[in-house]
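Same chain, two partners: subunit A is paired with subunit B first, then with subunit C.
Presenting the complex of A and B:
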């Protein structure tokens, strides 16, 4: 499989967007770059940005590996990505509004009813309800990969409580400190505005009673959550309260938070806690993380939850396979971003094909996330493949399979110099009451081991700063003597 | 049948609670098989009751009260006239698509043993109605009614494995098996008028299944019959968790002691029934 490298063209010359970086790389020595790598690690340790890995015994808090070379996307490419993202998230939102209402897409025979109504991510409690401003997916983190100079594929839509945006912001800050000269060679689109954009989005969706100055809080499951750092980081950047369930209470369908000056009404909750834990009266009764009565307040229209309850049905892997149809149905447009061709193992023909081609395919659990419960055929041992064969036969509905894409690579800095590694991109899309926007950039995740395709941070993946650049500004002039 | 119900639930706390928040699904709705003559919901302390409707179409009250609360008594009381409809539910506004009642839940998850049981119980039947009747009698026959074998968190599989349980366990097993057969099925909470005693310490529970051309039909595996005029239908959901008459949380409050007393009887004087109907 020929891999597309984002920096080097097939002719061995750097692509236009990477020309400055490539020349700059030639001008710096490996030892110096190495020392910058160490500095970067030091900075991240000082910031305290860590990530908890579930199921790993030795270290619950881990530093995510960071690569110091920026991943570059040209303005042209970005504009197409942006249009594609806005299109996709707009369609996702209309889809959710529809399936929790009339179900036109089901009546039209485009998606089977049982795939929606029996989906574990579908929330019966939301049926027939409308969240403020009909917005469901306020924040999404769409995972994208590219395979060549033309094509971008969406891997996952992450419409529940996507994380990673704090890394996007911190990576940029660290890069600006370490490589000011590199920034002066490029016109890099700023991403620092993300917290303001997020705040504006959250304000725009406040319930009608709080149209002026809504009180907004970020609700976290607490410090043992893997993304707690991000929760506190964002609350701080947005200037809103960071609360846990025990800091909130509901009286007469109104949500209050306890403050030192007494109870204060809360209008919008940016919740980073799963549906199941929101309200023990409605969902898991054993949840100590939620707030009794929160769903009642939500259903009465007295508080906005972002994201809305029940968005899991939209980022489910079985629903994913219908995304092109979903976009056409609600928007009457051809999808700008591609979907990876997907075999739905619930269909007999597809299952037969998948069982015969396990060594070539990536098999995923329909409701899994974070790279858990997944088989990467080309890199799996015989035993792993056989294990998955049994799982597939036992419960085919629970799986989908996709061909392994020839993911693009980007250069990373390694001990020996520069080496290509596979990457993906998670841009963050904000859907407010009036518009949908994307901060130019995102979180680039990189598989730190050679040839690996798994970029998830829970599986040892790293991150990079992502630059959307306007055009090549300054050429590095060779010193002529 | 004229049925009078007086359902009292009392909570006592050895250390008073600061706040109590309850969801009450204790208000029956009219349908062709039952006519609510009068009904009231009340509590013995200062607090608020707000009526809403849940997504399944049940009348849901949010009850909240401020402490210190050392005891709360919640009372649901009223008169209902019931008619035997042979278990068929008509005259009820259905709120959600039938197919949604194929969802499994934590309490009604299918397991290989339950698949075998379903298969054995229904293999000679071709239509859904007969399959449901076979399930009804098979569950009734193989399960032993035992008040002490299970709790509100016992799953269908657990009670089935022990072959013991109460009406809600029987209902959960029925739901699990029916859904496995692709028959939409829902949990029903309500009341049952017994012949022997008129004071009960628990409500009743059974199941309803959706049969094409007939609609929703009740099946009570605890008694092995379809509901008749002795049944009062209160709330429905995917399982007990969604239809429980009372679900609540308290803040503070230790040493909770709960007591349920349901006085349910049929005033036999036909004149009474007539009087009630013309009210």
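Presenting the complex of A and C:
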């Protein structure tokens, strides 16, 4: 399978967007680059950007490996990507509004009713209710991959509580500290206004009673959650309280936080805690992380939750396969971003095909995430394939399958110099009451081991800074030591 | 601000202050223990450090022999001593991590950096020398200086700052009082004639433990007298670790809180009561009524204030 490298063209020459970087790389030596890599790691440790790995005792706080070479996207490419992202998230939001309302897309026969109503991500408490300003997916992180210089594919629409944006922001800060000379060779679009945009988004969706000065809080499961660093980072940048369930209580359908000055009413909650744990009275009764009565306050319209409850039905892998139809149905437009061709194992023909071609396909659980519970056919052993065959036969509805894509590669810095590794991209899309916006860039995740396709941080993937640069080529300066 | 945040800030400050006090107390005791017996170098010195740090009982229960090496290990790195320097820094960081949003970058980096450095000290300590212990104690003092400096120079002057100052001064008053509680017998006026100059080293160790060795001479301009040492640590407002100076700060910070919240409560009243008592006191009164009784009573009242703050601000 021929791989598309984002820096090097098929002719062995660097692509236009990478010309300056490539020339710069020729002018620095590997040892110097390594020392920068170590410095970066030191910086990350000191700032405390760590994540927790569940089920690993000895290293409860780990660093995500960071690669010091930027991933570059030209402004042209970005503009198309941005249009596609806005289109997709707009459609997702209309879809949620529809299925929790009239269900026109079901009546039109485009999506089977049981795929929606029997979906574990569907929340019956939301049926017939409308969140403030009809916004469901305030924050999403859409996973994108490339296979050539033309096309962007969407792998997943993360519409629940996507994480990683703090890495996007901190990666840039660290890069600016380590490689000022590299920034002077490029016109890199800034991303530092993300917190500002996020705050504007959250303010715009406050319930009507708090239109003036809404009190906003970020709700975290607590410091043992794998993304706690990000929660505290964002709360700090936004200047809002970082609350846990125990800091909140509900009285007469109104949410309050416990402060040193007594109870204070909360209007908007940016919650980084899953639906299941939000309210022990409605969802999991054993949840110690949530707030009793929160759903009642939400249903009464007294508080905005971002994202809304029940968005999981829109980003699961079964709904994913219908995204092109969803975009056409609500917007009357052709999708700008492509879907990876997907076999729905619930359909008999597709299942037969998948079972016959297991060794070529990637098989995923419909509700899985984080790279767990999937089969990568070309890299799997016979035994693993047979195990999945049994699982598939037993419960075909629970699986989808996709051809293995020839993911693009980007150069990373390794001990011997530089080497290509597979990457994906997670841009963050903000959907407010009035508009949808994306900061130029996103989190590039990179599979640090050769030939690996798994970029998830929970499985050893790393990250890179992502640059959107002007297409105009700036004059390169002679040498940098 | 969130009550939980206030709680975390308050305890964060207490743990940092405690770590600082412990390192100074250990240093002072090492000096004293290394003196020849005729100069006051006594075996029981290590027992005093344990007592003044409030860990004598748990040390005995741990079954360790009462020897320098074991006491130092227990007070510095022992994981099973909740009050060891290691655990103070560890708990300080846990509290800090929970309230990252209430700390400035400088404060967080001071704590997190110290935590990482402490781990490397901890990992190599088995093979290390006494010199290494000196480095470690220096490092702990430096940490509290940079944390404290970070707080002073970068924090907004709002309730977050006031709660963290409260934690610091309540802990500091407690530490000074415990030190006096353990050493009161060398400070009684009659000691001067009994022990003669031999007690000089005891007094100076005591002053070193609260970084007041040079301050003494600047304040009194006379040779070391036990009642003056007690006076310095209890009643001198210019001495930053004296009980009265701590209470001046406690009252001020509680008043700032009360003004911001428009509410005076039991905590403010208790603090003002104690401050008034200290202001109206002379060393003659203290010695007449018994130094030991005074100090034990103060420790109880100071703890009581801690509880009242917790209750009033819903920790």
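We take it that the second predicted complex is superposed on the first by the 471 of 481 C-alpha atoms of A that agree within 3 Å, B and C clash if a C-alpha of one lies under 4 Å from a C-alpha of the other, contacts with A are read in each partner's own complex, and residues count from 1 in each chain.
The definition used in the following text is that a contact is a pair of C-beta atoms (placed from the backbone, for glycine too) under 8 Å apart; a residue touches a chain by one contact, two chains touch by 3 or more.
Everything quoted here is computed from the prediction, not taken from an experiment.
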- Item | Fit or clash - subunit C, subunit B, common subunit A | fit
- Which angle, in steps of 10°, is spanned at subunit A by subunit B and subunit C when each chain is reduced to its C-alpha centre? 90
- Message: I'd like to know which partner A:247 touches here: subunit B for first, subunit C for second, both or neither.
- Response: second
- Message: Output check: A:128 vs subunit B and subunit C. Expected answer is one of first, second, both, neither. What do you get?
- Response: first
- Give one of first, second, both or neither to describe whether A:177 is in contact with subunit B, with subunit C, with both, or with none. neither
- Message: In the overlaid three-chain picture, which partner chain does A:107 touch, first (subunit B) or second (subunit C), both, or neither?
- Response: neither
- Message: According to the stated criteria, A:46 is in contact with first (subunit B), second (subunit C), both, or neither; which is it?
- Response: second
- Compute the least Cα distance separating subunit B from subunit C in the superposition and give it as a whole number of Å. 14
- Item | Touch list for subunit C against partner subunit A, complex | 1-6, 94, 97-101, 108-109, 112-113, 116, 159, 163, 257, 261, 313-314
- Residue set of subunit B touching subunit A in the complex reads 19, 21, 23, 48, 50, 52, 54-56, 62, 64, 95-97, 99-100, 102-103, 238, 241-242, 247-249, 251
- Message: With touch defined as at the start, can you tell me which subunit A residues reach subunit B in the complex?
- Response: 103, 113-114, 117-118, 122, 124-129, 249-253, 280-282, 285, 292-293, 296, 299-300
- Message: For the complex, give me every residue of subunit A touching subunit C.
- Response: 45-48, 222-223, 228, 232-233, 235-236, 241-244, 246-247, 257-261
